[in-house]
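Below, each structure is written out as structure tokens.
Two complexes, one shared chain (chain A), two partners (chain B, chain C).
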Partner chain A sequence: MRILAVVFLLMPLHAQADGVIDRVVDEFALPAVAAFAERAEALNEAAKSTCAAEHPALRAAWNAAMDAWLGIQDLRFGPLEDAARRQAIAYWPDTRGHRERALSRILSGQDPILTTPDRYNQEPVSARGLYAIETMLYDPDFNHYGPSDPGCLLVRAASADLAAIAAEVHNEWQNEFADVMRTAGEPSNTRFLDSTEARQAVFTALLTSIQFDVLERLGLPLGTFDKPRPLRAESRLSGRSQRNLELSLAGHDRLARALVPDAAANVVTREDFERIGWMAAELDDPDFSGVENPIRRFRLEALQSAFALLRSEMNRELSAALGVTMGLNALDGD
Partner chain B sequence: MNARRQFLAGLLAAGTLPRLGWADAGSPAFVAAAQEPNGDYALFGITATGQDCFRVPLPARGHAAAAHPDAPEAVAFARRPGIYAVVIDCAHGEIVTRLSTETGREFNGHGAFSLDGDTLFTSEVVAETGEGRIGLWSRSAGYRRIGEFASGGIGPHEIRRLPGSEILVVANGGIRTGPGDREKLNLDTMAPNLTYLDRKGDIVQQLTLSPEVHQASIRHLAISATRRVAFAMQWEGQVDDAPALLGLHRLGEPAAALALAPQEIHAGLKGYAGSVAAFDSGTKFAISSPKGGRVHVFDANGRFISEINRPDVCGLASEGALLVMTDGFGTVLASSDGQPVWHQRSARAWDNHLVTLESAIA
Partner chain C sequence: MLRSCIILVTTFGASVSGWASDRAQVVETYSDIAEAAYSDSLTMARQLQAAVDSLIASPSESTLDAARSAWLAARDPYMQTEVYRFGNPIVDDWEGKVNAWPLDEGLIDYVAAGYFGAGENELAELNVIASPRFALSGREIEADVITAELLSDVLQEAGENEANVATGYHAIEFLLWGQDLTSNAPGAGQRPYSDFVVGEGCTGDNCDRRAEYLNVATDLLVSDLEWIAAQWTDGGAARSAITTDPDAGLAAILTGMGNLSYGEMAGQRVKLGLILNDPEEEHDCFSDNTPNSHFHDVLGIQNVYRGQYKRIDGSVVSGASLRNAISEVDPNLANTLDHEISETLQAADALRARAADGMSYDMMLQVGNDEGKALINSLIDGLVAQSRSIERASAALDLAGVVLEADDTLEGAGDVFQ
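Presenting the complex of A and B:
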């Protein structure tokens, strides 16, 4: 008995071990940020070895980094939200062509940044990150550069910059923020003021991410029936709009399972994930250009409705299971 | 005994029996509307350290409130398009009377009291056209409607009175909505403005935005200790194209100063500011973005100082040098330089606004 008491005293004084947060941190966040850092570094290495836009190895490395990003985009709290890192990694949407203008300015040589590529992090976010590299590799207006052209230097600078941010995110999650989440409610914790706030942040992030799929990933290209906007589809250039959506959904699914592993506690949410996963996989519309075709458009609209329904069912079931609520303000302000 | 009786008689004769003041309501520093776990709505009085001091049930979802300058009385407004406003006796936790709109008018969620506290001004629209009106109600006549004047634009939202004066500041949001609903009908042509009105409803000054940012709906207001008006905007254009969402202006200045964080940080607001506050003696201003889950803080020159990450944060108010925030998870949090100083949590979802009572007293 006495030995047991001593053992307890030696344990870290966490306010209350929260299995939910432990699962989110250990099973979702840490492996995902590690994978993203690894893929971003692999892209950096690939770009160093060849910057040729159509080289299969470089494109494969970029696609792998993009895949890994979709595995961490739901972490809308902590290192990704500090220092505008989310923007620097994934500045999208960009309906006004900020990206093309910024890249053109840099490539024209008016901006000497390419002579000091280690300062590429001072460039506007529209010229940084995954989508800027996508433009350089896939946009026919940008991807005809040779090995000694500014385009090559830009791809290398942007890839190194991306790898550096990804490493920062990984490092901060691993060495700081995981503990910040686990110590929610302790007096020294200024980020999560009580034990529910960490759960609340994860739950809100997940619902916000699904809303992003509804309004941006699907909503932007859908536009209106009279005015569809196929050019606004995410990753249209690389023809992976559908893949992004599928991976986004898969990430939500993993995070939801980490939050509430008990299938009986979220029966409808589980069913929704399964059905929507199947609907998305069956789309056969890699870049969402189907928004202009009435029949294919109908499938995208149905998918959008299904995402919205998932969000609402998940809100109901997970909030009950987690003892948290969705606030009134984020979705219907005034 | 005799002396005491004489003293009381004297008081009665002079008609100066002490009336109830805000201290009798438990000295709230703020009021805010909330949704409770069972789905009901209520208005709460909150002390300067975040404790509840009264609760009054509301008939439907509330939005903001106007606090009387000295009587413990607040008028709570329904969420737009409003079907009710209720006058609440905060000392006894009772609804004193209800205000209903004139035929064809809708409340828009905000109001303000005159300097002497006898006239209540309400932000309203003509339901059919979205034209803005300021409704006038006489408190001494039992909140009878005594008139109205034009707000100076379409879709007025928040109105405030400049402290120490009778000048009203009106955020004419510019958005026309359908009667009885929230559908936005004129986003292509909307033209918001900030209008200063005198007691008669004549325009003292009107500020418009430059044409390229005409889709920035001016919606919420805060007035600093130095009478600078801070206005918060909500961008109706493409989210990635959002301009500054905070403007600073002093009556008489030809134009407003616009304040925004560096582009990549600004993007985190998602084009939406839900509330605005001036704090720390008018040296700092803050806007909240519940959509982005963050608050941006600026100095008096409109320079960005810092951001605070809080999911679903919306209500903002000043408590001396502290910035007080409410969110949809029941937290009232006071912070200084981005660090928490105290917080309280209750099982309720705070709605959009945290209304400071001090600002009404001036």
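Presenting the complex of A and C:
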């Protein structure tokens, strides 16, 4: 018996089912990537039936796809991080003006890609994805195309490309990566050597996403008091900067609850989510142009502080509850 | 002073009680390498300064070539110091003076038609070399003489725009090469030496001011490197910061390696150029030196990991290393990370080889260049793989959470609102 016990101790510890990971996969990731794939395909269908920039059905389909993206943006590990899919879907911010240059180049015919739209995935990320389509639908410099113009072909090509990436992400999550997460720590799993690594990946992704809200979604348009940058607000063209922020926050909240469902283990985090959700909903500043108005600016700055505090509280509470600390952050570097 | 040569080979078989002193030796080696590499960077910058002086004194093909060669040689040791950026606030706060990038070069000098600056940069086409007077945020600036103050205090990040880079390696690179207007064939920027000929024969106009600018920018590079090299000498602030608490020092080493690998290179510098297919996103875009600069970035990571740096004079600085420290707790991990860094270095070297063989980096970035894409992707994959091991190393060394030592935003409001 004694020998047996020793042998048992020497055997590698097989991964135990990790409730945290199961919840993240089943309650957060899989439904969200399925919804995104569905909305992206609906956008593709809508664009096939009409590419008219101001057509309500096309705009509604684009908005629904954008909403669904904000539900998966926190998945900063796995399929969205492979093959630069995150950037292909959502290349933003673009403070150096890559998008307009890339779209202009294609529309001017310098690049014959529109004759082979199925190869649109070869194009630079600045010409692909949700924000490129947003520019085509909402930017007055781009949205005056007719049904036989290159603009129409571009919207269709970009929508089809987006639907294809969304389907890939869905497929890989469902058929591969969900298992990679669930089998963290098993000998065959080289991605996550133990379940702590899988937890850490999720935890790091969540904190990184909140940092993105602080530094980019809010920080970019806020600029400095002397130099606010309203033109840098995300989705300013479609007038949904505030909506993006609210949906981003709602996504973080869902992911945090999947990570730590026990309210008692993250009291402050929960309070913060509730308070910030209310603050964001009350902004009444759809495109963040308020950064230039002292009073409205103050609200946005307060919201930014609140996001930063949320992140810091969450770091403390969730780190303790999950037994992990933050790993490398993709936003570090510049 | 470089002490760690003497204490090499002391860490093997150390007991747990010996950890503290071993870790102290690791951070000493790390500081010694920093001191040596910054000092080498300074030496090479002084050689660049001498070459620039000759170019300005007698502009010709050969003096311009010599200045370009000196710039290229100066990049090699400097890029090996980039691993010190993250994790060392003293370095991070300073490095923008010397290596800020990407830049709107139209701020500095003439550019070709069709040039685009960054969005919202009203100075993107200032061309200060042609503008002895200009308006900046409603203020009239007199720039009759091009001075260090003009570059550092007025133009650098003017208008709160990071694309306004007036100083450092890349500003000098632009002055030596000019814009690289060919991205579908080999060939860097083609600035003629006559751009520096004062009086008759001057091309590009304002040759005197161009020479003045180049001279001031090169002097600034030298003085900035003098400053940082001094921070790593005995009693220097950067050395003290890293050696006071060896555990925190090890954490900073991992942070530097991890953030350079992941956030900076794999996430931004290498990846963005590729997925944007934009030669403007090439790190050394005027000189086409990017493969070399990536290579030396990775070599710097290896230096720090192995506790060994080969100086420009061929001598070697070495001592107790991070690798030793990890070996004590997890030899497999230590070997894996070492192997991964070697693979990444090979991937970067493959870029150099292909560039030497006729496919310059900007050609690799072209839409539809599958071979170039594969070459660059293999560098990115290597960087990501080694990042995971760097994260694991922090756990193995019981330094969990270290990687966010540099993450001020986690401390609440903090630096977020700068």
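In this section, the second predicted complex is superposed on the first by the 312 of 334 C-alpha atoms of A that agree within 3 Å, B and C clash if a C-alpha of one lies under 4 Å from a C-alpha of the other, contacts with A are read in each partner's own complex, and residues count from 1 in each chain.
The rule is simple: contacts are C-beta pairs under 8 Å (C-beta built on N, C-alpha and C of every residue); 3 or more make two chains touch, one makes a residue touch a chain.
On a predicted model such as this, the values are computed, not experimentally measured, just so you know.
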{"item": "When chain B and chain C are modelled together on chain A, clash or fit", "value": "clash"}
{"item": "Chain B versus chain C as contact partner of A:312, first or second or both or neither", "value": "second"}
{"item": "Touched partner set for A:267, first chain B, second chain C, both or neither", "value": "neither"}
{"item": "Partner chain in contact with A:122 - chain B first, chain C second, else both or neither", "value": "second"}
{"item": "Per-residue contact with chain A, leading partner among chain C and chain B", "value": "C"}
{"item": "Contacts of A:87 with chain B and chain C, given as first, second, both or neither", "value": "both"}
{"item": "Partner chain in contact with A:219 - chain B first, chain C second, else both or neither", "value": "second"}
{"item": "Partner chain(s) touched by A:193 [first = chain B, second = chain C, both, neither]", "value": "both"}
{"item": "Which superposed partner A:205 touches (first chain B, second chain C, both, neither)", "value": "first"}
{"item": "Which superposed partner A:77 touches (first chain B, second chain C, both, neither)", "value": "first"}
{"item": "Touched partner set for A:326, first chain B, second chain C, both or neither", "value": "both"}
{"item": "Colliding region between chain B and chain C, picked from 57-65, 93-101, 111-119 or 183-191 after the shared-chain fit", "value": "93-101"}
{"item": "Intersection of chain A interface sets (partners chain B, chain C)", "value": "84, 87-88, 91, 94-96, 98, 124-125, 193, 196-197, 200, 324-331, 333-334"}
{"item": "Residue numbers on chain C that touch chain A, as the complex places them", "value": "86, 102, 116-120, 159-160, 163, 258-260, 262-265, 267-269, 271, 274-278, 280, 367-368, 387, 390-392, 395, 400-401, 403-404, 406-407, 409-414, 416-417"}
{"item": "Touching residues (chain side chain B, partner chain A) in the complex", "value": "35, 37, 63, 79-80, 109, 157, 219, 234, 238-241, 262-265, 267-268, 272, 274, 290-291, 293-294, 309, 311-314, 327-329, 331, 333, 339-340, 343, 345, 349-352"}
{"item": "Of chain A, residues touching chain C in the complex", "value": "84, 87-88, 91, 94-98, 101-102, 111, 122-126, 193, 196-197, 200, 207, 211, 214-215, 219, 223-224, 226-227, 229, 231-232, 301, 304-305, 308-309, 311-312, 315, 319, 324-334"}
{"item": "Parts of chain A lying in touch with chain B, wherever the complex brings them together", "value": "76-77, 81-82, 84, 86-88, 91-96, 98, 124-125, 190-191, 193-194, 196-197, 200-201, 204-205, 208, 324-331, 333-334"}
